[in-house]
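Have a look at these structures, which come just after this line.
Each of the next two complexes has chain A plus one more chain, namely chain B in the first and chain C in the second.
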Partner chain A sequence: MTEERFVAPKNLKYFTYALITIGVISFAIGFFTDPQRTWANYLLNNFYFVSLAIGAAFFISIQYIAQAGWSAAFKRIPEAMAAYIPFAAVFFLILLIGVHSLYEWSHQETLATDRLIQHKAPFLNTPFLAVRLVIFFSLWILLTKLMRQTSLKEDIEGGLAHFHRSEKLSKIFIFIVAVSFSVFAIDMLMSLEVHWFSTLFAAKTFISAFLHGSAIITLIVILLHRNGHLNMLNRSHLHDFTRYMFMLAIVWGYFTFAQFMLIWYGNIPEETAFYVHRWHSPYQFLFYASIVLNWLIPFLLLMPRKTSRSKLAMIPVIVLLMIGYYIELYYEIWPATVHDAKFGLLEIGTFLGYAGLFSLVVINYLGKANLVPVKHPYLEESMQHHF
Partner chain B sequence: MTGVFDNEFDLVKAFEKVKASGVQIEEVYTPYPIHEILEGMGKKTRITHAAFFYGLFGALAVLGGMYYAAVISWPLNFGGKPFNTFPSFLVVTIVATILIITLATLFTFSARAQIFPGKAAKIADPRATDNKFVIVINSETPEFEATSLEKLLKENGASEVY
Partner chain C sequence: MYKTSIRGKLIEGDKSLSQISHEILAPIDAKTPRWWYIAMTVSLAMFGWGLYCKYITITQGIGTWGVNNTIGWGWAIINFVWWIGIGHAGTAFSIFLLILRQKWRTAINRAAEAMTVVAVFCASLFPLLHMGRPWLFFFIFPYPNTRGPLWVNFNSPLFWDFVAISAYMLISASFWYFGMVPDFATIRDTTKSKVKKAVYGFFAFGWTGSSKEWLRFEGLSFVLGGIAAVLVVSVHSIVSTDFAVSVEPGWHTTIFPPYFVVGAIFSGFAMVLTLVTLMRKLYKMNDFITDSHVDAVCRILVFISLIMGTAYLTEIFMAWYSGSQYEMYTFFQNRITGEYAFQFWAMFVFNALMPQLFWFKSVRKRLWIVFIISILINVGMWYERFNIVITSLSKNYLPANWASYSPSIIEIGFFVGTLGMFAAGVLLFFRYIPMIAVSEIKSVAKFNNEIQPTQHHE
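What follows is the complex of A and B.
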C-alpha cells in the first residue's frame, strides 16, 4: 500500500474560514440583541459537534474491540473527527459564563424557594459543573490523543504491539465514555428542565451521538472518495457503513420510543411535564419530525440491499440525519430556555460557523497523517473487503 | 456426475471451468459459504421481499386487531386514557410482527424447498456434510460429455469423480 496524503484544496479552506466568519458575526450580533437565545444556540451547536466527535471516537474503539477488519483503511477519518474534542473543551468552559441564561438551577432566587432544586443542589451547582467538565474533557482528550499517537507510531514502526495497545485503550475508553458522556448529557441537556428526570435520557443521547457520528464518518469517506482519495472504497464498505446507520437508527427509535411510551403510560405529573410543555404547535411537529428523520427514513431507505450500498441513496439519508439531530436537540433545548420556537438567521449563522470550524479541524487533521494507516495489521483485509 | 474436492480453491477453479463449458451445474455443497459459488450459481432469492410483506401485513393485522378489541368491540376506560392507546399497542405490534415474520418465512421457505420434518435427506455424497466440497453436475444437458468433463474435474484437483 502506497502512502496517500490528503491535501486540502485552498478553496475548501477559504470556504471554512468564510463559514467561521459568518458564525462569529452571528454570535456577536446575537449577544447584543438577544443574549439568552444566543446562549441556547451556543449550547446546541457545541453539543451537536462534540457528540459527533465522541461518536467518532467511540466508533474507532468499537472497531478495535471487535477486531473489525473492514474499517481499518478508514480509521483516519474518525480520528480526525475526534481531534475536535479539545476545541469543544474550550467552548464548554466558556459556556460556564452563560450558565445563568440557560439553567434554572443556577438562579439564586429560585434556589432559595424551590425544594427540589435545593435537594439537587449538591450535584447541580456551577463550581461542581466546572469540575466535572474539566474531568470529562481531560479524560476524553487524553485517551483520544493516546489512541491517535499509537496509530501514528504504528504507521512508522508497524508490528502488532501498537494494535494491542490501541485495543487496550479502546477498552478503557468505552467504559469511561459510557459513564462520562451519560453524566455529561444529564448536565448539559437534562438539567435544562431541572424538575424533570428520565433514566433513559442519557442512553438515548449517547445513541444519538453514535448514530450521527457514524453518519458523518460515512459522509466524509464518500466525499473523500469523490475527490479521488480512498480508492479502495467498494460497495461492501458502503454496505457496512450503512449497517451502522441502519442499526443505530433502530436503536435510536427504540430508546426514544421507550422513553416516551413509559412516561406517557405512567402519566406521573413530574415526568409528563417535559412532554406537556412540548405538546403544542411547533414543538409537537418537531417531535414527529425528529422521529421521521432519525428513524423512519433511514429505516425504510437503507433497508433494501440496493440502496444500502449506493452513495446516491446514502448521501440524502445522511443529510436528513444531520437535520434530524439538529431538530432533536432543538426540541430539547428551546422550550426550556427560549420558550418560543424562534428560528432565524441567528440559528442558521451559528450552525454554519460551527460546521465550518468542525470541517476545518477535520481537514487539518486529515492532512497531518497518512490518509490510510499503512501498517495497520488489518489493512489488507480492509482493502479486499467483499461480501 | 459428482466431483469431490479437498479444498475451496480447487473447487472454485473447477466450478468456473465447468460453467464456462456450458454444462449445467445442479448444485454445489460446501462446508461453509463461498462467495464465488454464491454469485456464480446465479440463484436469486425473493424470500426477503416475502418477509417484508409478511411484516407489513403482520403489523397492520396486529394493530387492527387491537384497535378493534380496545376501541370498537369492548371499550374500557383505563385511568382516563383514550381507548386507542396507540403507543402501548406498538410494543405488542413489534413483538408479534417479529413472530409472524419468522414463522411465515420459515413456512414459505419449507414449502418452496419442499422440506418438512421427517423427510428423508437427499445427500449427494455423505462426505459433503463433513469436510469435502462436492459439485453435482446435471447429466441431462446437451453439452454434457462424461469423459471430457471427468478429465476437466480431475485436472482441476478433484480427488474423486463418479
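What follows is the complex of A and C.
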C-alpha cells in the first residue's frame, strides 16, 4: 500500500522557530515585569498543550479498544501529538518552582491558620505534588512510547501480533489515564481554588482534553491533506472526525451544565464560591463565551450533514474551539491567581511560543515514520471508508 | 469493507438470506417448549404476589412499607432507579451503536429494545404507587385545572422525572415497534397459520418492502434514534437530580448526572448480556449471537466498569478532600464502614472489581462465567442504589433524626412482582416476536464474505 513520507517544508520549520523565539521573549519579559501573571500564564499554556497530547493518546487507545477501522490511516497524527508529553513533563517540573505564585495551599502562613488547608495538607503539599507529577508523566511517557514503538514495528513486520499488543497497551493506558489525569486535573486546576471542590471537575477537564485533542487531530489531518498528503481522506472520514467533535462538544456542554446547575440549585456557599467569585465582568462574559465556543457553535454548525463533511465549515469551528479552550482555562486559572483579568501581548506571545513548539514536535515526529501505518490490519477498511 | 478475518464473522455458517429468515423465525412457528410453560407459570406466580402487594399498598397505604419519617424513600425508589437503569440499554444499544455503525448490534438490538419497554413499565409502577393515592396521579400533569391556581412545581426534579420518563417510554416503544414492522411482514408472508397471518399482517401495516418504504423506514429510524439518544441521557440525568439537587450529604454532588447515566447503561448492558446468553442457549441462536458478539458486550462492560470504579473513587476522595464533616461521615462511617458496609462493598466488588475479569479472553469465552457476572453486575447496581438512597437519608445532619430501615414483606413482594412481570414480558417476547431483527441481520450478511481489495481498489 501507499508509502508516504512527510517532509517538513523548510519555511514551516523556520516559522515554528520564530514562534518559539516570540514565546521565549514574551515569557522572559513577563517574568521580570509581572512574575505572578507569568506563572499563571505558564500553567495555562502547559495545561493547554499537555491536554491536547493526552487527548490525542486517548484517541488512539479508543480506536483500538472500539476496534474502529476508519481512523487507521490517520493514526500517525495523534501519535505525533502524543510525542509532546515528554516536553510537557519538563515544563511541569519547572512549574514546581512557581508553586508559591500559583497555589494558596503552598503558603506557610495560610497553612498555619486555615483549617481546611490543614485538612488537605497530606495531599496538597509540594513534595507529594512533585512525586505525583513524576509518576504520572513517567507512566504517560512510557505507555505512549511503547504504543509508538509497537506501531512502528508493525510497519516493518506486519502481522497481527503488534495489533493485539497495541490493543493491550491501549487498555492499560486508559486504565492509567482515567485515574492519573483525574488527579492531575485536581492538582493543577481545582486546587487553585483550594477551598472549592466538585466531583465532576476532573471528568469535565478530561472531556475537554479529549474534545480539543480530537479537534487538533482533525485540523492537522486537514492541513496535511491540503498540502498533498493523505490522499485517501474523503468526506466520510471528515464526517467521522466531526462526529468526535460534535459528540464531545455535547458531552462538554452536558458536564459543564451539570456541574453549574447542581451547584446553583444546592446553593451551598462553600460550593457556589467558585462561581460567585467569577460572577462579574469580564469573567461573567468569559463564562458565557466558553459555553458558546465550546458547545453551542460546534453543536449548531456541525449538526447538518452538509457542514459536517465540509472542511470549509470544520476549520473555523476548530479554530473557535481552540480559542474556547483557552477561555475555559483562563476562566479557571486567572481569578484564582492573578485576580484581575489581565490579557495582552505577553499572553499572546507565550501562547504563540507554545503553539510553535507543539507544531515543531508534531512536524518532527510526523517526518520520522511513514505517514500512513502501512501494515495496520484495518488500513484497507480505512482507505475504502464510505458511508 | 469489513475485515471479517480480524473482527470475526457476524453470522456463523454460510447462510442464504432465506435460511436466515427461517432460522430466526422458527421458534414462532414451532411448538411452545415445556420449559417456557414452567418459566411462565413461575413468573406469573411472582407477578400475582406482586399484584397482591400492590392491592395491600393501595387499600391500606404506604404504612405497610418499611419506610419511616427519616428514610422516606425505601425499596420503591431503589427499584425504580434500578429498573429505569436497566431500561436504558435498549436505546443505548440501538442508538449509540447505530450512530457508531457497530454492525454487531444487529443481532442484539431487538432483545435490548424489547427489554427497555418492559423495564420502563416496571419502573414507572414504583413512583406511581409511592404517591400514596395513585388514583390522583394525574395531578402531576401540568394543565389548567379547577383546583385553584394549583400547578405542579416546575422546579421539582420529580416533575422533570415524569416528563422525561413518559417521553422516553413513548419514543422507545415506537422505536421498538417500527423496527419490527418489516419482520412482522416476513412472518405474515411465511407463516402457514391463518390466525397468525391475520394478526401479524395487521401489525405489519401492509408492509410490502418496496424501496420507497425502506427509504421512509430508514428515515424514521434515524429521526426516532436521534430523539431517543438525547432522551437516554436526559432520563437518567434527571433521575440523578432527584438526589443531587438536595443538600443531603452523599447526594449533593456534581458527578451524579453522568455517573447515573453510565451506571444505567452499565446495568442495561449487563441485562442484555443475560438475555442474549439465555437466547443463545435456549433457542440455539449460536450462529447469530456468536462468540464475538458476547465478546463485544463484555468489552463494553469492562470499559464502563472502569468508569464506575473511577467515579466511586472520585466520590470517596472528594468526600475527604472537601473537608466537610458531613460528607466524610457519610462516606467513611456510614458507607465504607458502619451499618451499611455490606451494601457498599457489595456494590464496589460487583461493579468495579469483578467485571475487570473481562479483561481476560479466557473469561470472555466461557459463557457460563459471563452469564453469572452479568447477573452479579445487576445485583451490584441494585446495591449501588441502596447505598445512595438509604445511607444518606439514614444519618444526616441531625443525629436526633437518625433511623434505620428494613423493607417490609409488602415492599419485597412488590419488587418480586416486577421481576415476575419482567420475566413474563421477556418470555412473551421470545415466543411471539422475532427475537433477532431479521431484516437488519440480512443487511449485514453481505459482510460475511470479505471483498478482496484487488477487486475493488487500485
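Note that in this section the second predicted complex is superposed on the first by the 387 of 387 C-alpha atoms of A that agree within 3 Å, B and C clash if a C-alpha of one lies under 4 Å from a C-alpha of the other, contacts with A are read in each partner's own complex, and residues count from 1 in each chain.
Methods note: a residue touches a chain if its C-beta (ideal position, glycine included) is under 8 Å from a C-beta of that chain, and two chains touch if they have at least 3 such contacts.
Computed from a predicted structure; not experimentally measured.
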For the three-chain model obtained by superposing on chain A, do chain B and chain C clash or fit?
-> clash
Please indicate which partner A:198 is in contact with in the superposed arrangement: first for chain B, second for chain C, both, or neither.
-> second
Identify the partner contact of A:24: answer first if only chain B is touched, second if only chain C is, both if each is, neither if none is.
-> neither
Can A:8 be said to touch chain B (first), chain C (second), both, or neither?
-> neither
Thinking of the overlay built on chain A, is A:223 touched by chain B (first), by chain C (second), by both, or by neither?
-> neither
Applying the touch criterion given at the start, work out whether A:116 contacts chain B, chain C, both or neither, answering first, second, both or neither.
-> second
Between chain B and chain C, the one with more contact residues on chain A is chain C
Given the superposition on chain A, at which of 9-17, 117-125 or 153-161 does chain B overlap chain C?
-> 117-125
What residues on chain A does chain C touch that chain B touches too?
-> 265, 387
Inside the complex, what are the residues of chain B that reach chain A?
-> 35, 48, 52, 79, 81, 85, 87-88, 90-91
Listed in rising order, chain C residues that touch chain A in their complex are 1-3, 6-7, 99-101, 233, 237, 241, 244-247, 252-258, 299, 303, 306-307, 310, 313-315, 318, 321-324, 359, 453, 456-457
Residues on chain A engaged by chain C in the complex (per definition of touch) = 65-67, 69, 115-116, 119-120, 123, 160, 163, 171, 174-175, 178-179, 182, 186, 197-203, 243, 254-255, 258-259, 262-263, 265-266, 268, 270, 377-378, 380-381, 383-385, 387
Across the complex, what residues on chain A touch chain B?
-> 257, 260-261, 264-265, 267, 303, 305, 386-387
